[in-house]
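Structures given as structure tokens follow.
Two complexes come next, and they have one chain in common, chain A, joined by chain B in the first and chain C in the second.
Let's turn to the complex of A and B:
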């Protein structure tokens, strides 16, 4: 199973040298899934037949030297809220348990055009709502570093699949940290681009103004190349802008004399001691690479979590209205009339966390509450965006922990909702302000659980942000540590 | 002593090629669910992209009604559950509509009145429920069809005024070519808001009346609701703010939704559609390309073509007819052109349900018919018969007239020869005529026509006979 420990770029180089064929990689991928996914529950759907078919075509292209892209023939896993034509797209929900999308998301079209091979659809918190991948109708995802721990969420399946090297990388989606946080929990790299850099067409919406499709990978170089592919042109998402120079053109540039800002607020209070220590070590690494580090204070950060939950739930409450049992998805078996049908279908089709967020969001935009909650949250959002704009006049990157703690035990539901939601405190700012952000592994707790460090950049300067992480990964090897259980 | 105060909300379906937020065809009467895609079906993951043409149409409507244009304007979600609405929210413009603060002048009984336009917003239409014995089915062909909603200020004061305004509004929208404006097909829909008060008192509570499928229903509903509200108040009752459904055949309205059961639509900005900026030059360009509307055109047609105001009104009630008229009138006698269109062509349109611009009777052909009629070579009756045929078949006019032998005898020598022989053969009738019996003249005309097998021009026969009787007193 050695091939699977390689990075995607290394696999690609071997294919180019004709030392290995895509179908060999794909076979190894499915052997590994068969052996280990019973433990991790990373996949909801695996696509063995179509993957083998596609791999054979990729073999032919590789042999004739006509590969479609650098990742032609490389397997990739897809979070199950990204629409894939002819394949189930469940969003981790009973509501869409048997829903087969009739079209491909734009990002999927780009993957297919690049010759990439879909290995399967990964498990996730229902509709992306959660940070432990335990609200899935298909059961919780288990962390490959310790199966009694959560893989983080909501893209926990993608993170676990990459961490256990079933696939070299996977697509996730990040609404409030759902790519970066599970990446941190599972010791892998996660990239969320600037809002608008990747088309959202075909990404089942949780919160449309925050959602971005992102990448979870072994390392930042692989992830950045994959970002280049999925961020290609689109005319179906009005908020799509793209990224003119792509993600990779600054990857090997030096970070010497660059200035990194660190928000003081993030290092007070809630942060776990071991996480804090790992973070400070990462800061030292950046200093050794020649970066200047400054601490700053931003008062408005104390409002980001409520701001995030009001806006995201408000949008979610209407985004999820379409799941009514009328056109597709779960329909309650017994009902008296159309309204009763809609009520019963939604009541039993959605899980508890989803229903809670729909109710919170509905509450926040009633005519009575609009000004009190939604409008205020939008004001905070505007304020936060311009505050970050000013910060990036001074700093080349902002650095902070990805999450206040390492992976939490599964099966112990956080009873205090506020505390659970506060665990997103470091990641939501990037979504609120539309900034690019990433997480890379930066150490382990005594228990052996991975810890992640986050870098944030200026809007549409994703490539520059990535240069900090590639430099970090050039001189560290945290991202090369593999979970023992998976081998 | 009570005064009704009325405002209307008028929806027009825009006749764009494609739907508002996707590229599906916008068409009426196609097979069920054949014009659908992930976006207009509200499938998971599908998101909207605005149709620029629909924005242009809304802009035209706004400028035609004297509105100010909001740039940027924005879309919002209006949430309520209804099974024919794919997303279970409508995408509309609740906070910043594309156009605001307009004013429209219209004519009622020869007097010019005006009403304020509060706003015009763009929104998507829902699908259609089809109820049958086997249950209810949904046709999503209409889902996502672009609509504009034009909301007036409460500035109309009677059924007549309201209908006159609606007629003006329909005329303007059809002149812009942005909507079919067919109430029976639902491409124009009217809701009425009405309250009553005594002129020196504050405005009363209003009710909204829906389900109005014709201007007649609008007028009846207004009269009915005005009377109903006055009666309630006179009896010491209170008007509730509610939505009522009017049944035009029974002439009664019933409560659809009361205030208590009214939904909270939870309006908030549609995050998938960025604010729309409309450049000033786009607004200026659209304004300068607005067509000449019916009122101005009536006045111009009267002045330039010398036709009556009554005919001008009829002709300008359809922009295409007015264009057709001008095309015909530029090629032949203008008054006769008006006359033919108002009397014959519109009737023919009604009979055949074919618009003249879709018929075989091109402006050139009608002008040709009028031309040979005016020259006297065919009779009025023949010319009518020709119009009838040429409307339905692509005939060559001259060839047809020749083949059917429809040309009149206009040769004065031929006619006078015939008259002479008739006068000789009927000397007693000529005597009668000289003795003042006017009927004798008609008899002589008839005999002459008979002799010429009915093909002579009656005008020339009349003229010649008169002259010959006068000059031949000795006969």
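Let's turn to the complex of A and C:
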């Protein structure tokens, strides 16, 4: 039996039965990372020594029957924009190449309190800005299903690590689809909660009103349990409200007679034929499970991508102004005065994509452009949010593809990245409106690349949304297909 | 709206960034690509929208007024590019008159 092919809940059950020890799982994890990460570049930092130390403590708790949680002793990978005390947190950037966080993010505190074991920090698009995990200062992440293809982004390292079963799950962050889209590209499950359900304290900010820490896992049941752990109490993020009943209490609920809405605008000419086919097959599965499916039209969806890029980059331009070469991060070696030092440090410390987004964001909030772009985008945001509120009076869930295409080839550098930005079309709505959303595998292209389907739910109805995905995974096996190269 | 070299010069100064000519040329192409879809926002009729009302969580929870320990000075300074053990070191910020 290959332990790493088991789900986290299966590993946990074996620990409970004393058939395996956490240290055995952790040893297997690092054997796998040593063998395969040369190909995938999923990790920026691995934490072998501390993981072995923690695993021995978890062994003792398991033997004495005093495990701290269902995932006590289970390894987890962490996206490298989530602060981990005493461990490098680079955000995939030269700017933070040597930054060691002096504190833990709240989500990390909860993982540690649950006895979970950090295997390492995963590679990502620089500061979360990208959809292919190829803007990282530490090199691109490679897709375990085809190493010449992108793993998606920005949490591509987390998705590749889970897809190749180096770890059963990983934390990511989702600003415009950065958990769900790489999950779809790598054939794994990705969950983004309602905005405010998980503390953002210690998540290095890209766009604060969109960012949420999420989970990438082998299956939804594992992911939902992990969401329960990381969504625990917090007093340091004023936007945190938690989730009263947690994520798992409806996991085994039937979806019979529930109503699913599908936006017609998402099935137009932009979608790849094979992705469309896999999506329609997933819709048929939901019908067979007893759901009623209706198509609806929502004209405002045509504005979501520009709305997202204006607001997220405006917030990024202010959030990333903290990187000035003074308090932490890169400082240019030669300069004439403090202004020159700040400019040279930022210009050399940030990569091209980050600088481009800071420029667009700064442009959008100048006095002459604020009304035309930023205010307009905020008006669209308000309209979209209330439109979804009305839709969820009629529908129990909204279903659509996660991405219009499967994974794209790596190494295609375009000066004009418009195509990449438009590929976020199906995922950004959930961030703009603060909705919970997830992606689960629903098929493969002829080339053997995974395809994902997305479910969205009403704000703070995350558990109900998860019930659709668990039912889907109960009757399908797409999430069990493994990349051949990784075994 | 078209992004020109003049726009880039003005915005880069505000954003505390600098670009050489090659980077500037690429940036102008990239930003104009972004603007090509961003300008569609102008078509949205927003006469009935009230942005001030927009909030996901209208009841923002407040923390108790209790002082809690801050990070240790040495921990904070440990990631500074340059410090003297008790403060960040920066170039002179007040110009001589």
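Operating definition for what follows: the second predicted complex is superposed on the first by the 483 of 487 C-alpha atoms of A that agree within 3 Å, B and C clash if a C-alpha of one lies under 4 Å from a C-alpha of the other, contacts with A are read in each partner's own complex, and residues count from 1 in each chain.
Basically, a contact is a pair of C-beta atoms (placed from the backbone, for glycine too) under 8 Å apart; a residue touches a chain by one contact, two chains touch by 3 or more.
Source: prediction; values computed, not measured.
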{"item": "First (chain B), second (chain C), both or neither touched by A:371", "value": "neither"}
{"item": "Touched partner set for A:19, first chain B, second chain C, both or neither", "value": "neither"}
{"item": "Touched partner set for A:422, first chain B, second chain C, both or neither", "value": "second"}
{"item": "Touch count on chain A, higher of chain B and chain C", "value": "C"}
{"item": "First, second, both or neither for A:257, with chain B first and chain C second", "value": "neither"}
{"item": "Which of chain B and chain C A:105 touches, first, second, both or neither", "value": "first"}
{"item": "First, second, both or neither for A:334, with chain B first and chain C second", "value": "neither"}
{"item": "Contacts of A:360 with chain B and chain C, given as first, second, both or neither", "value": "second"}
{"item": "Which superposed partner A:2 touches (first chain B, second chain C, both, neither)", "value": "neither"}
{"item": "Chain B versus chain C as contact partner of A:385, first or second or both or neither", "value": "second"}
{"item": "Contact residues common to both interfaces of chain A (with chain B and with chain C)", "value": "99, 102-103, 235, 238-239, 317, 321, 324, 326-328, 338-339, 342, 362, 366"}
{"item": "Interface residues, chain A side, partner chain B - complex", "value": "81-83, 89, 91, 96, 99, 101-103, 105, 200-205, 207-209, 235-239, 314-315, 317-318, 321-324, 326-328, 338-339, 342, 362, 365-368, 370, 374"}
{"item": "Residue numbers on chain B that touch chain A, as the complex places them", "value": "38, 41-50, 77, 79, 81, 83, 86-89, 136, 138, 264-268, 271-274"}
{"item": "Complex interface listing, chain A residues touching chain C", "value": "98-100, 102-103, 195-196, 235, 238-241, 300, 302-303, 305-307, 309-310, 317, 321, 324-331, 335, 337-339, 341-344, 346-347, 350, 352, 355-356, 358-360, 362-364, 366, 372-373, 375-383, 385, 415-418, 421-422, 434, 459"}
{"item": "Chain A-facing residues of chain C, complex", "value": "3, 7-8, 11-12, 14-19, 23, 26-27, 29-34, 36-42, 44, 46, 49-51, 53-54, 56-57, 60-64, 71-72, 75-76, 78-82, 88, 90-93"}
